[in-house]
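Note that the chains take the letters A, B and C in the order they are written out, and that residue 1 is the start of every chain.
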């Protein structure tokens, strides 16, 4: 009955205005793709900015490097057809592809490679990953299709580094304009950018390699979870590499129109604590908090079950991860006892500043309810990133906050003197120093484990969960990446099933 | 008084509006003493997202909190914000308006143009800016809404006062040597009370919608205290999963505003015999 | 008449200046640093300082205010910190969404409200009149963003015949763009239509009671003819006032609706600019909106003169 009414209503309405649109949708769908993204890039030059959103639009699609990273993290040839490494590992000879042209028609050759690499490592370069190029001693053009890169010391990951978005090859003629009108060599070229809404890429008919199956790819920026859901359900967006509304995943999963892939990210989501501010400078208070955090409730309530509990600041999928979840088992009485020992039998008042992402806003509401059980009365203060960065991160004017640390392998931040946790541990610093001087993998893993134990023992922060990544896309789409070894939405192999 | 009441209760708008408003006020007042469950009793893993049932009359939200309890306290929040915002409007706007009417001349012009400046600002946008300066929260929402009530009441009371000043009984009072301030307090304000009451009801209803709007964009009352607008925005992504989460707070807003609007309309008819005589 | 106009215009300009001061001072005291936001958490203090310098944020307050005002007078609204494009470019792109949205909403609300109000007035006291008035009461009480949610649920999620949000751009053809604006316009228009219907009805009833209308009736003009010929024209004054107010409200009040439907219009631009502390965008756009509202008020004032010649002599 319900579906009948629905049908009748739809029929009624469609006779009035809709026919042209249905036709238009059916025809357009097969050769074009609309990809949802949460954040809009500030500009489109991957060699001049850190935001992941830049790479997520242009990497592999618009710009190419000497090498590129594949969907499983492997290094693949790109603008360099092949390469040879000298016996001492310090000299890389790249043989470049012939007949490659930039989107503006200018030809690509060895001079562009030299220009790009020299530009990235030059003094005053605005490249966000300048360290990638730090090991380069010189770049020499042998002939139009051969470049020799001389390194200061052998570096096993040099070819991987050259596959980063920050290492793409740009042309001297167009490099300056790439922020607004990027010119690369990839299978897609820049179409339009409607600020605040979409970036559209169109197929590059003159591409040197296998042409893209799509004629047009539009990235639509939707930061609002509700809008993301409704646009996905309405078919206005075909895919989201990282869907911002975990609460809707069960619904999307149950819908045969969509494919849902849950992966992990490098994001440790933590209850960051200001270790220098009383009463949080007392390790007993921090341990009391650790005993009170119900991670499963936080993951269920804030992330609707998506996420892996963590007991320390380390990615659970990393081989050096140590499971420290048992260190502070959920135990309100133990928490109360520690609070009393610290001199707060009746608890105290504090604030928690929450940045905009839903894991923080929802997680904060749940944590506030949990900490109330041991007498900590949290006032919730929602803040914009524009306030969070200067107030919390820079000036460390905060008690507690929730944030996901998304950089890979970032435990080293606990050894920094001026980091917003205000944590000071000589033992930790010594371990880090040893780690930096150690080369053997096994010894390194052991030291990493040691570092994890130190911070968990000190209960520096409340360790909550590893942020999950929920990819959602139309089930008829082929070729989207299921994991993200690098920040990218590689559309080169994407096509529609009929 | 008696004739007022009997006349009022015969007015259908007034009657229905009064019943609805009293009901909402009762719910809000009751929430101080009793709610079926605590408003922040989270039972995430056990009773999250339940449909309405005998145990949970309006169901539960994603954190397993009882929706009925939260709607009750949300009523208190809405009413509190709107009442204080209206009080700000009356408390500042009416004296300003009366002052302008009593003094006339340049001061009058200046005050009224000052009103125009405030009127020229898109209210919600300005509220967003105000909360960006002071941070989101109930108090700042009240200020943001209250500021925009000031010119409304200033304009209304000035207009009413101006016409009252020309009336004979005011002239008489003036001739008796009473000061403008005294005349304003003793004669002008009591004589515009009806007008103010009607306008206050309307501003009250508007305040509830505005508070919900601010809370919807995340700038109103903050958790753990529930507010209807924020409940709506939280429910938005769960509409397909649990439609009651979006429908219940929305209906609460509609019913409350409807009640207040009906009450205001009814009051206008009852209190302004000129108009009601014309209508009948 | 011209003295009247000159006085009105002078006050409008004074209002504009006062408003610009308000905006500028308000945004001076907003906490948060645009340079820091732009560069992100890993930026060095030197980089932030350098960016502040190049954005001109280190200049004295008075100098920045004057250069902002001076720039606007010459049509230069400044350059967005975050997008590094002129604000005028951002605005002219966004206005192609917000303006049509407001106009469609205004047209819808007028198209609904005038006939409804007229009908209710002509059938005054009937069941139809009572029902219409009850419906308009409910219409006024519905918050437009909640109505928008319900529309999305029914037409986008359930029936899937309208987009749930986003804007394809006018370049993709008129129909998809129009469709993207229709639901938001309906959500905006409904409460406005309810208000306007009531105003129309009571304005008509009011004028029907006036002496000259009674005279016309006494002269034997039918009730309907009186309604059309005389009452409607005079009832237009309050209706015009509300229309003017509504247009200003719609243009600026789209902020929540643009959020619900994820339309990249002016409201969203400002909303996002506030959170990114892109102050120059906020200042300039709010100022443009304020100027528009003041202009509309001025036009409404003049429209009074046109509709009601009696006013011409009263204030002159």
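Criterion: a residue touches a chain if its C-beta (ideal position, glycine included) is under 8 Å from a C-beta of that chain, and two chains touch if they have at least 3 such contacts.
Bear in mind the structure is a predicted one, so any value in this text is a computation, not a measurement.
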| note | centroid check, CA-based, most central chain -> C
| request: Going by C-alpha centroids, which chain is farthest from chain A? Tell me that one. | output: B
| remark: Distance between the CA centroids of chain A and chain B (whole Å) is 45
| field | Centroid spacing, where centroids are CA-atom means, of chain B and chain C in whole angstrom | value | 22
| query | Using mean CA coordinates as chain centres, what's the chain A-chain C distance in Å? | reply | 39
| request: Send over the residues of chain C in touch with two or more other chains. | output: 31, 157, 259, 275
| task | Scan chain A for residues touching two or more other chains and write them down. | result | 226, 233, 384
| said: Going by the contact rule already set, what residues in chain B reach two or more other chains? | reply: 132, 236, 240
| request: Could you please specify the touching residues of chain B with respect to chain C in the complex? | output: 113-114, 116-117, 119-126, 128-130, 132-133, 205, 209, 212-213, 216-217, 232, 236, 239-240, 243, 246, 250, 253-258, 261-262, 265, 278-279
| message | Residue numbers of chain C touching chain B in their complex, please. | response | 11, 14-15, 18-19, 22, 26-27, 29-31, 137-138, 140-143, 145-146, 149-150, 153, 157, 205-206, 209, 248-249, 251-253, 255-256, 259, 267, 270-271, 274-275, 282, 286, 289-290, 293-294, 297
| task | Over in the complex, which chain C residues touch chain A? Could you list them? | result | 31-34, 36-38, 40-42, 82-85, 90, 93-94, 152, 156-167, 169, 171, 173, 175-176, 179, 259-262, 264, 268-269, 272, 275-277
| note | Given the complex, residues on chain B that touch chain A span 40, 42, 44-45, 48, 62-64, 132, 135-136, 218, 222-224, 233, 236-238, 240-241
| said: Help me check something: in the complex, which residues belonging to chain A touch chain C? | reply: 6, 9-10, 13-14, 17-18, 20-21, 24, 42-43, 50-51, 179-180, 192, 194-198, 220, 222, 224, 226-227, 230-231, 233-237, 356, 384-387, 389-391, 393-394
